[in-house]
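Inspection log for the structure reproduced underneath, given as structure tokens.
Chain IDs A, B, C and D follow the sequence of writing; residue 1 opens each chain.
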Amino acid sequence: MRNIKVEQLMQTPVEDQKVEIVERKGVGHPDSIADGLAEAVSRALCREYIKKCGTVLHHNTDETQIVAGKSHPEYGGGEVIKPIYTLLVGRATTEFDGEEFAADAIAIEAARQYIRENFANINLERDMIIDCRFGTGSSDLRDVFSRNKMPVANDTSFGIGHAPFSELESIAYNTERMLNTDLKKKIPGIGEDIKVMGLREQDDISLTIGCATIGRYVDDLDHYINIKEEVEDYVAGLAAEHTERNVNIYVNTADQIEKESVFLTVTGTSAEMGDDGSVGRGNRCNGLITPGRPMSMEATSGKNPINHIGKIYNLLATQVAQDISKTIPEVDEAYVRLLSQIGKPIDQPFIASVQIIPEEGARLDSILSEAEGITDDWLASADRVIEMLINGKINTF
Amino acid sequence: MRNIKVEQLMQTPVEDQKVEIVERKGVGHPDSIADGLAEAVSRALCREYIKKCGTVLHHNTDETQIVAGKSHPEYGGGEVIKPIYTLLVGRATTEFDGEEFAADAIAIEAARQYIRENFANINLERDMIIDCRFGTGSSDLRDVFSRNKMPVANDTSFGIGHAPFSELESIAYNTERMLNTDLKKKIPGIGEDIKVMGLREQDDISLTIGCATIGRYVDDLDHYINIKEEVEDYVAGLAAEHTERNVNIYVNTADQIEKESVFLTVTGTSAEMGDDGSVGRGNRCNGLITPGRPMSMEATSGKNPINHIGKIYNLLATQVAQDISKTIPEVDEAYVRLLSQIGKPIDQPFIASVQIIPEEGARLDSILSEAEGITDDWLASADRVIEMLINGKINTF
Amino acid sequence: MRNIKVEQLMQTPVEDQKVEIVERKGVGHPDSIADGLAEAVSRALCREYIKKCGTVLHHNTDETQIVAGKSHPEYGGGEVIKPIYTLLVGRATTEFDGEEFAADAIAIEAARQYIRENFANINLERDMIIDCRFGTGSSDLRDVFSRNKMPVANDTSFGIGHAPFSELESIAYNTERMLNTDLKKKIPGIGEDIKVMGLREQDDISLTIGCATIGRYVDDLDHYINIKEEVEDYVAGLAAEHTERNVNIYVNTADQIEKESVFLTVTGTSAEMGDDGSVGRGNRCNGLITPGRPMSMEATSGKNPINHIGKIYNLLATQVAQDISKTIPEVDEAYVRLLSQIGKPIDQPFIASVQIIPEEGARLDSILSEAEGITDDWLASADRVIEMLINGKINTF
Amino acid sequence: MRNIKVEQLMQTPVEDQKVEIVERKGVGHPDSIADGLAEAVSRALCREYIKKCGTVLHHNTDETQIVAGKSHPEYGGGEVIKPIYTLLVGRATTEFDGEEFAADAIAIEAARQYIRENFANINLERDMIIDCRFGTGSSDLRDVFSRNKMPVANDTSFGIGHAPFSELESIAYNTERMLNTDLKKKIPGIGEDIKVMGLREQDDISLTIGCATIGRYVDDLDHYINIKEEVEDYVAGLAAEHTERNVNIYVNTADQIEKESVFLTVTGTSAEMGDDGSVGRGNRCNGLITPGRPMSMEATSGKNPINHIGKIYNLLATQVAQDISKTIPEVDEAYVRLLSQIGKPIDQPFIASVQIIPEEGARLDSILSEAEGITDDWLASADRVIEMLINGKINTF
């Protein structure tokens, strides 16, 4: 029997609140780079552990630190003056059962590959240094890890999820995603460092977008201004697919056009010039920062997917909320909180708290019991999330 | 005219919700060590800038990374095997108006002094390495910084605050504070690394406490068990001052007494053995992690207190909420969100959103207008917060 | 008028001494890797300075530190467990006359390129980390540097050279060079880390050779033993071209064949497993360590080729000695020492001391005056050496 | 039977050569700081190993890298702007026979203590960062190390020594030693970074001395000039005790008095501003750099004193030469070279080559056989040198 508490939440639904704030840091934001590297390293280690001994061994690689470089951006080119310095921090099992694991080497390789695949304009030969200081972790924790078949929580921690996305959340999320994929195909001058800050005041939405541009694809100031306008137009169209509210779009508001001071970069990310980054300070595992919703502070990226309960419960809570929201049409909003206690099996949370805002007029009893069933199912097969993670089926930021 | 929106929040007050989760990471938690170092370095730089040129110059030192060491704890002693490695990251102005600033040297000195003052059992001669990789920041940002007298926001960001603390919040916060000060005087074996996880299910409160102990003050396993019992008793008494609810207390639940595997350290912090730490991943600026309340992801510690709007608005929002809560007795809960737009003066937020849950039967109109007045006052004198910060009158974690 | 002192040296010529010791560290020895990286970085900076402002600016990049990694060599493969960590240290001009120089980025790029060109089996994606901590040097030294057209010595230092090579010197030098080029073409299992220690006792020569092998090209222990034999045969043939003395060859004497403990590597260098390296601790600029000859301790690699007198004078002294030895057949041995005084033009040494051992029966007067002329000529055109250096025409180790 | 070859050396004695060059880098020269740290760390490890398991375990800590800082010296004060960064590199045994060794922590502590004891004006709270990247060495080498009671050579390497010191050698050595001890007591403004370059042209000696001064003890330019004069006078007096030759003394010749550009420091060493340092690039183990004498390139400091043959043989060769020179009055000069072969016991060199320049008219036979006896005795008790090293009775630079 699991300790699952489902209750109706008496609360103004987010769409009806007067003010809503949502933020998304794009894949090229320094904090997201740190997240992406941390998770890429963890996944590479998982693959190696599984290859060599059939199971994932203890590791946590969730403390990557990005130390900003210095650059000299120019229209048509520019160069990085001082490379971005990246320190991979964490711990990993390097010996187990007579087998040795090249944890540091694998980490470096995975990190470089991640950068190469996601940042076409970072030249790894000169723009970025990737360093590594791994430890070997605490033997007590390793003990917890192998105590029995069902993984047990490595900590007393919690995870949180909600569904569905509000209009503003959908817009913020998709704006960055589409700029960085769809529009980027057309306009290579768009950099990966895109930050979207969404504000809704009743029916007025403002999107403040910081969007790096890449010097080698931008001819001059006119071209730059032209790109900004294309971004604005594109986002306006995209937003209209999600909302009928009034949408105002502000791109690179810190520009001082008259001084020719604009958001131009060499590599596509502000990490090249003054902006450091850390794991766990950006998007939550649903891809957003949503100050109006419950959130966990836990860094999800880079944690081991087997017993790191902060990681697993955040991802699981999000899955549960999304499943409830999709399966039960009468649910307006679903909030899920899972709390562990260190040493307990991960399918037995200390508490699973589910809060539902039902549609007006919905039959509450059946909703609550259906939601409880969905929650119980997901907990019973908590390893599904673990598998999805290892196979790269879930994002962590 | 400031854009201040005050509204009634239709929501079950936290005390009436069925489930509440609150966490506090103590001063010796690796994430808190990172926060503390980052803020100590920033304050030292502020003092130097003010001393030499009358104003705070551009800096952000908010990316300290703690790389865990390795230790060999023992009853009656033990030793650190591999020092904790601490990398101070950030940027600071090193030259201004013909004056040179010893930013790196000041940072190292401030960091060492902070450790010395807060960690009696970290031997800086061998237990910890403090390294520093500072840059000099972006000249564009420096430009923003000095453009006019009234500081302007350096980013599009938001800050969030609420008041008052719930019972559980008060208990979680004070448990760590009192263990680390009052009880520690009596029991020196209590380490600074204390984590309190509070859960309330209706009227049942559980406090799961991870509390490091320090080998040199613990004679043997019996003594260790004895200390745990004293902690339990002390916390039970303390909790009773804040609540009439039923309180269960769990201390160091990961211990395996029969295997003599317990939470024993050399220095008082798990950073000595396997636990890394980062700035901005622990407590919010009110000292807590409160997943049931709106929160900002912004790291507050180490940011410059002049134009780093994420820092200023988080602290300011908390002050505003507390002031509203104290001044207007009919307010049950107050939530404050401040959103900036990059380049705008900090006393002119893009929006200041205040949400109030009034007492039943309260006169809403007067409450809302009074709250607006308080908010406006605080914004008008936004520099009060800056001054309080520089003078060390406000905590950031 | 230059202070040139030429004298006859009363001394048993090296070939007639009873005992002679000569050592050469191959290009893959950790100390030589450090030398090679330091010099490659300096040359890349020279090219950039010349490209951007027509002259070489102040820099010294002569303190590369190689921190050994950890590896798991195997026949037919193996892998690096922990990457070799390389820290490029030095200082370089990053701003001059309104121009910015990407010193750190150029250094990283040049270092990676050097490794790629010289170490076919170091996989830069995972086997080696290249980090950089450059400073910007002392303004006083920069002052010295630009004071007038003719470069002035940056220090009080000396350089030393001798010619011709003795038989043993020729053998030691060529053994490494030919193994690493000619024989390596035929046997790819030969690693770049080759150390030759030559000892001559009267007419008996012993060559003790440490020669790394590369796992992926070595099938098994028999193959390994076979390679060692081929190396022995090859060196025997090579030595016979240089001497008629009796030559004994010892390859990898630390092997313990019965325990299968042999000199097998993954990458071709022992830096992968336990052997650190530093600039300036290996070969002198003539390619050898010759304890029976005068030597300078000065690290030549990585020093700037314009005013770093320790570098210039070592290379120049070697050129002068070689020229004297080639031009004047009656010279058996020539030793050249050049001593600078800080602040003086490099063509005006504090003293140029030339010592000659003439053939028996040679006419001393004419030899001495001819040697003086040659020395004077080289000093007068000291910049020839500088040019040769920048164009990569002279080796430094 | 040991392979000892003693021969008469036909060579102009050094005092009779026309030109002689000798250099000594003082304890505060960046290269010497690196040497001193490396050796201090090794000795601390030796003590710990002996304390915990009765014998010295494998380690080599001979690759300390000093990365220069940045400073702002001023008369009466000044400050370090950017700390000197020191990276301790090497490897050490961290586990043996069930015992754990805090190698990194011990290294940091020993390094800090060494600085504190030798550099009164380096403030370790802000002027210097001491970092550490230790590995654990190759298991093969550890194997070699414990194979039998008598230590066996870890490498094929050689050591070299000579005696007695020439006049110039004595002067160069003692000038630095006495300035840094005797005169420093009287004039605290003298810094530890003193470099003495001695040149003798027949009977004219020039001493070029670079001598740092420490701002806080120097009132102004006049005071500085005054100190230089006192140094000159003092050295003149000291030289007169060792020679009757003509002595010219040049102190801080790079000064530009008219521009007030002088050798002023904050800490007493140029490592604070632009001068990096490495182990093994400065003085040989007899305290001097003597390009006219046979020298080994081997770094002595920081190597383990048990089986690191490069270290042991350099120190031993120096002891043997000094003993021969002292014991046999008819010996004018003695040169000793010891060559090892990897894997052989250290008391059995591959060859011990002793070269003697006898007094005119001396009876060669008895000299040679007496020298052979002394050499044999020292080799037989090679561990005496090891013990002297561990007990700090021999210097290494």
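The rule is short, and it goes like this: a residue touches a chain if its C-beta (ideal position, glycine included) is under 8 Å from a C-beta of that chain, and two chains touch if they have at least 3 such contacts.
Please read all numbers here as calculations on a predicted model, not as lab measurements.
**Student:** Out of A-C, B-D or C-D, find the interface that copies A-B, where copy means more than half of the contact pairs are identical.
**Tutor:** Over half of the A-B contact pairs recur in C-D.
**Student:** Can you compute the centre-to-centre distance for subunit C and subunit D, using the mean CA position of each chain? Integer Å is fine.
**Tutor:** 23
**Student:** What whole-number Å value describes the gap between the mean CA coordinates of subunit B and subunit D?
**Tutor:** 50
**Student:** When the C-alpha atoms of subunit B and subunit C are each averaged to a single point, how far apart are the two points in Å?
**Tutor:** Taking the average C-alpha coordinate of subunit B and of subunit C, the gap between them is 55 Å.
**Student:** Mind pulling the subunit D residues that touch 2 or more other chains?
**Tutor:** In subunit D, residues 82, 85 touch at least two other chains, as defined above.
**Student:** Which chains are in touch, pair by pair?
**Tutor:** Those chain pairs satisfying the definition are A-B, A-C, B-D, C-D.
**Student:** With touch defined as at the start, can you tell me which subunit D residues reach subunit B in the complex?
**Tutor:** It is residues 72, 79-83, 85, 94, 100-106, 108-109, 112-113, 125-127, 129-132 of subunit D that touch subunit B.
**Student:** Once bound in the complex, which stretches of subunit D touch subunit C?
**Tutor:** 5, 7, 9-12, 17-19, 21, 23, 60, 62-63, 65, 67-70, 82, 85, 87, 89-91, 133, 135-138, 140-141, 143-144, 156-158, 160, 195, 197, 199, 201, 206, 208, 210, 250, 253-254, 261, 273-282, 284, 289, 291-297, 299, 337, 339, 341-343, 350-351, 353, 355
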